[in-house]
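Down below are the structures I want you to see.
Here come two complexes built around subunit A, the first alongside subunit B, the second alongside subunit C.
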Partner chain A sequence: MNAMTPGGFSARFAGLRDHLPGGRTPWVAALRGAAAEHFAATGLPHRKLEAWRYTDLSPIAQAQFTEALTLAAEHPVLPPMRAPHRAVFVDGRFAAGLSTLPAWCRTLAGDLNAAEGWLGALARDLPVVSLNTMLFEDGLMLDLPAGTDGGALELLSLASHTGRAIAFHPRHLIRLSEGASLTLIETSLGPDGASYLHNPVFEIQVASGATLSHVRIQREGRAGFQLATVLAAVEGGGTYDNFTLNAGARLVRNEIHTALLGPKAACHMNGAQLAGDGQHADTTTYLDHAAPDCASRQTYKTVLAGKSRGVFQGKILVRQVAQRTDGYQMNQALLLSEDAEIDAKPQLEIYADDVKCSHGATVGALDEAQLFYLRARGIPAETARAMLVQAFLTEAIEGVTHPLAQAALAEATEGWWEREAA
Partner chain B sequence: MPAVAETLETVQAASDGGYKWGFETDIAMEFAPKGLNEDIVRFISAKKNEPEWLLEWRLKAYRLWLTMEEPDWAAVNYPKIDYQDAYYYAAPTTKAAPKSLDEVDPELLRTYEKLGIPVREQERLQGIAVDMVFDSVSVATTFKERLHKEGIIFCSISEAVQEHPELVKQYLGSVVPPGDNYFACLNSAVFTDGSFVYIPKGVRCPMELSTYFRINAKSTGQFERTLIVADAGSHVSYLEGCTAPMRDENQMHAAVVELVLMDDATIKYSTVQNWYPGDAEGKGGIYNFVTKRAACRGARSKVSWTQVETGSAITWKYPSCMLLGDDSVGEFYSVAITNNHQQADTGTKMWHVGKNTKSTIVSKGISAGRGQNTYRGLVKISPKATGARNFTQCDSLLIGDQCGAHTVPYIENRCVSAKVEHEATTSRIAEDQLFYCRSRGLSQEEAVGLIVNGFCREVLKELPMEFAVEAQKLLAISLEGSVG
Partner chain C sequence: MLRIEGLTAEIDGKQILKGINLEVPTGEVHAIMGPNGSGKSTLSYVLSGREGYEITGGSATFNGVDILAMEPEERAAAGLFLAFQYPVELPGVGNANFLRTALNSIRKAKGEPEVDAMAFLKMARAKLKTLQMSDDMLKRNVNVGFSGGEKKRNEVLQMALLEPSLAILDETDSGLDIDALKIVSEGVNAMRGPNFSALVITHYQRLLDYITPDRVHVLMGGRIVKSGGPELALELEAEGYAKVAA
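So, the complex of A and B:
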């Protein structure tokens, strides 16, 4: 059997379909059934597909992941709670005892019928999303009422030490009504020794005038896999900001699809990828300008050490109606090792004429002159390198303004170079 | 050439204003039977009196082609091509190979004169040696004697197969192997003619070499093959031009160009592609599926591709550089215009293998009418290419709200000391620029022409002078009717 055939996952679904949440609810069963059919036809994406030419998922296909059967009693040490509210998921299931939810948050499994017409509304025919739809067990269901300032909410995903190769596919539904605002700080953590697959899908709706700042800090264990898909739709005058830090996992694919659907919608997508020995970090963004007068800004930075591979693919689509679009994208990569590889594919597809769109890409090593400058002032080589790496990341990170998010980020990036160099 | 071209333009401008190369020459032609099979491949080979090895090479390519699939990744749409519905060999009937231009059918020479190509060696002022390819075959090559004195070989590839089989055998398919891609493979099986150039060690070619391609016959495809070998320390500048009659049907042009460069060699390859683009409704026009690649095998060798792509209904073309020798340099300068229903998917590949190799890519895309214009390029740096350097700039200009401009660059870097920079912009002609020109008395069309020429300047200045003048005019003609 071909390693990329749907085999394992489809077989799991066949056995579990009646037992999954909503298994006997017609609309959920129909949704899962359609997703299963799609996934059975496509299998996991393979490298012959243009969107996956740089990321090879065969290690996931070979791992034969199964579901976590019980809610793990043991979990890695919980990081201290920063925000007033926190939703904790262990192996993709809600851990009520560890969480404090605000009134506008529920869990998907807890009130699945409330998600009818909402769940899957933004999903498209992506194999990884279909895999999630087919097998999701739980997720956050966040519905922030109009005009509400939700402050900051932490979303924490933990992988436990089960001793088996487990996969979990949380589905998070996030909706901000008119004029609402929220900072969502999402962290995923896992033990270094465990092989697991975290396959979250976010469906995000930002209504007009609403602002969502979504900070994702990916620190999965070094043997873990993360395939994350963010599907966001922004109405007129709304703003969606996404910042993603990829620091962990053996292989991560961070795929973001944002559609700007109303006039004057805005989107900022920034990110940093830090990959060390044995890691593969892929950020792929699709930005769909489907309304006039929208603006988008993207800045992505990748730092590669050891034998690692970094991938950035970013497509900006400007539809014919999207006149007066202002689109900008920059991706830069820093190579610190002879064994590292970077692949970049920025892409513009433009059908409107009154636009201002540009992208830039650079790839290079640390600047020897800068290094020399610092060393000449008595700074040890390793410290100087760490400083320059930190400085390189600044432009992408400085878009994160919420102090709690800044603190979480600082903690995740600090000392990275020292650890990788060691 | 410019003078002739200008006269022609004046005469023609009044009548149709558009594609002035759309006439058809009525001349006795010889065709192979319609369709494509092994017998056709054998027919072509026999017609050209080819040695056994070349026939075998063609047949191998043909069998391989049967197993391949037409690529669909380019951003171009066209109805399925029926490869059986075309003639793969069409040649003006001649008794024997002409010894001199005096023996060439005067009707043919008139055709080239009409196109503004200096065919008579008396027109020395031009100082350009020309190989004329009419449908499937080369009809004449000028200045052979003069070049022969320098040891330069410039002739049709069929002639080279007969006269210099060792060179052809050594280099044919060494840069673009038959299995490289679908269209190159088809070309390897059925190529009928093209130009061959060999510049010996240390020779600087005293004049520009040029090939002029003309598709004339109905329902034919043109499959030419050009091979240029620049030995150590040599230097050559090569020009290529093309036109076709105006027809309702789509005709296919699938060419292969291979360049080989030894130590310190330089090749400058300039193209003005002006195949018939189809009418304003998108009817007719040439499908231009071309594979061009240079292998910089020697250290410090340098290849420079400059192209101005104004014609063709569909352009699928990626002139590439394999930078194998240390310190070798690859350049790609391109202007592509799509107006009406034209589609272009063009760009380059820079493959850095040698140390300290450098590449520059400057691409200017202009979309008007319902044209779709895509830049697609790859910069690949292998682990051994220490100190490699690339700079890429892609600018797109949109004229009108029915057209599209797309940029798809790929960067693949596996070398820590390499430096790669890419930038791309898309915009339309600024109102204030237009206003500035209009307020100085220029018409809307003149103003657009001026601004577009400025936009393309970085590329146009790379063209040899004769070509630059023609290219500027072409830009203006191609955009006619797109504004106002």
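So, the complex of A and C:
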């Protein structure tokens, strides 16, 4: 069998289709059936596709992942809770006993019929999204009422050590009504020795004047895979901010599609990728300016050590109607070893004529003059390098203002270089 | 005491230092003057351990220890300080964090207890005051957006906090107006004492009006060609390098 054929996952679906949540509910079954058909036709994306030139998913196709059979028997060790509310998913399934949900949060499996017309509304014909639609079991269903300040909510995804190669495909639906605001801090964790696939899809709707700050901290185990797709739609005057830290996993693809649909919608997409020996980190963004007077800002920083590979692809589409668009994209990479490789592909596609759009990219090593300056002041070489790596990340991280998110990010990035250099 | 004997060094195969002999006894301030290209900055970089310079002969010892075999951070821990001619900008590194990390690295290397954030802030503020610098300096990124004068004052602030026993000041006067020159000089003079020595490298005599050296050495073509008392600096200023060295 060709490595990229859909065989494994499609066969799982054929066997499970009636047993998955909503398996006998017509609208869900129809949605899953259509996704399965699409996935059967495409399979996992392969490197001949332009959007996947730099990221090879054949290790995922070869792994023959199966579903987690039962909830993990042993309770995982949870990181300390930072926000007043937390939703915990273990192997893609909601762990009620570990969670405290606010009134405006439910779970998808718990109330699937409430998701009709919502689930799949933003989905596109992306194979990875179809794979999720076909096999999702659960997810967060967050519906923040108009004018509500939701404060901060933690979303925690844990992979348990089952001894089998498992895959889970959580589907998270997030809707902020007019003028609502929320900081969502999402952390994904997994044991280092386990091979697993975490394939989350987020469908995010931000209504007029609403603000969602979405902080994603990816710390999957070093043998794990994450394929994450964020699909966000922002109405006029709304703001969607996404910050993604990729620090774990053997391979991660962080794909973000944001559409600015009404005047004066705004979007900040920032991120940092830290990859060490044997890791592959890919951030791919699509920004669709579909209304006038919208602003978008993107700053991505990638730090690569050992034999690692980083990818940044960023496309900005400015439609004809999107006059007075203000778009900015910057991606920078710091290579700490000769074996590291970065591929960067910025893309602007502009159909409006009154537009301010710029992008830039830099790739470099640590600055020897800066390193010597620090060492000449008595700072040991490894500490000096760590300081300069942290300084490089600062510009991307300083946009994250919520103190809980800052604390979570600091914890995830501090000491990274010391660990990689060890 | 700093003792340099027959020091030769090259960069990219080009010999710059052609046999330097120099002694700076503890407690003394010596000036090195010389025209552009004479090897002044190379000498300061070789002594502080910058990469890229090949030492082809001779020796440099500080209190009897061979400093040329040490890493730059080990030299700093041993009490050596280089005030850079062109202080380096460090975007993303806060000045307070930088200064405290440097101070504690040196203290740790010497087996002394580290200074906590509160105690450090108190120390730093006192030094800032004597250098007529604003507390804001601590919050800014290291040298980023600093004027020429601010950068040089920041060098002197670092020196004041790290309390080296031997300071090499590489063209610290360049780019300074007269007020900044006075403040920087006062900062250096405040360090003078029986346990502090300095090597003041300068192109012009001007700085030596404020920092009076015990000895003046003329560096030309990679060698010390003449040494004398403070009056030698005035002689150089009046008559030029070529004539004095002839």
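By our rule, the second predicted complex is superposed on the first by the 420 of 422 C-alpha atoms of A that agree within 3 Å, B and C clash if a C-alpha of one lies under 4 Å from a C-alpha of the other, contacts with A are read in each partner's own complex, and residues count from 1 in each chain.
By our rule, contacts are C-beta pairs under 8 Å (C-beta built on N, C-alpha and C of every residue); 3 or more make two chains touch, one makes a residue touch a chain.
Values in this document were obtained by computation on a predicted structure and should not be read as measured data.
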{"item": "Partner chain(s) touched by A:A376 [first = subunit B, second = subunit C, both, neither]", "value": "second"}
{"item": "First, second, both or neither for A:T394, with subunit B first and subunit C second", "value": "second"}
{"item": "Contacts of A:A34 with subunit B and subunit C, given as first, second, both or neither", "value": "neither"}
{"item": "Which of subunit B and subunit C A:M81 touches, first, second, both or neither", "value": "neither"}
{"item": "Which superposed partner A:H359 touches (first subunit B, second subunit C, both, neither)", "value": "first"}
{"item": "Common ground on subunit A, meaning residues reached by subunit C in one complex and by subunit B in the other", "value": "none"}
{"item": "Of all residues in subunit C, those that touch subunit A in their complex", "value": "48-51, 71-73, 75-77, 81-82, 84, 87-88, 90-93, 97-98, 101-103, 105-106, 109, 158, 162"}
{"item": "Subunit B partner contacts - residues on subunit A that touch it in the complex", "value": "50, 320, 323, 333, 335-338, 340-365"}
{"item": "Complex interface listing, subunit B residues touching subunit A", "value": "73, 383, 396, 398-428"}
{"item": "Contacting residues of subunit A [partner subunit C, same complex]", "value": "368-370, 372-381, 383-384, 387-388, 390-395"}
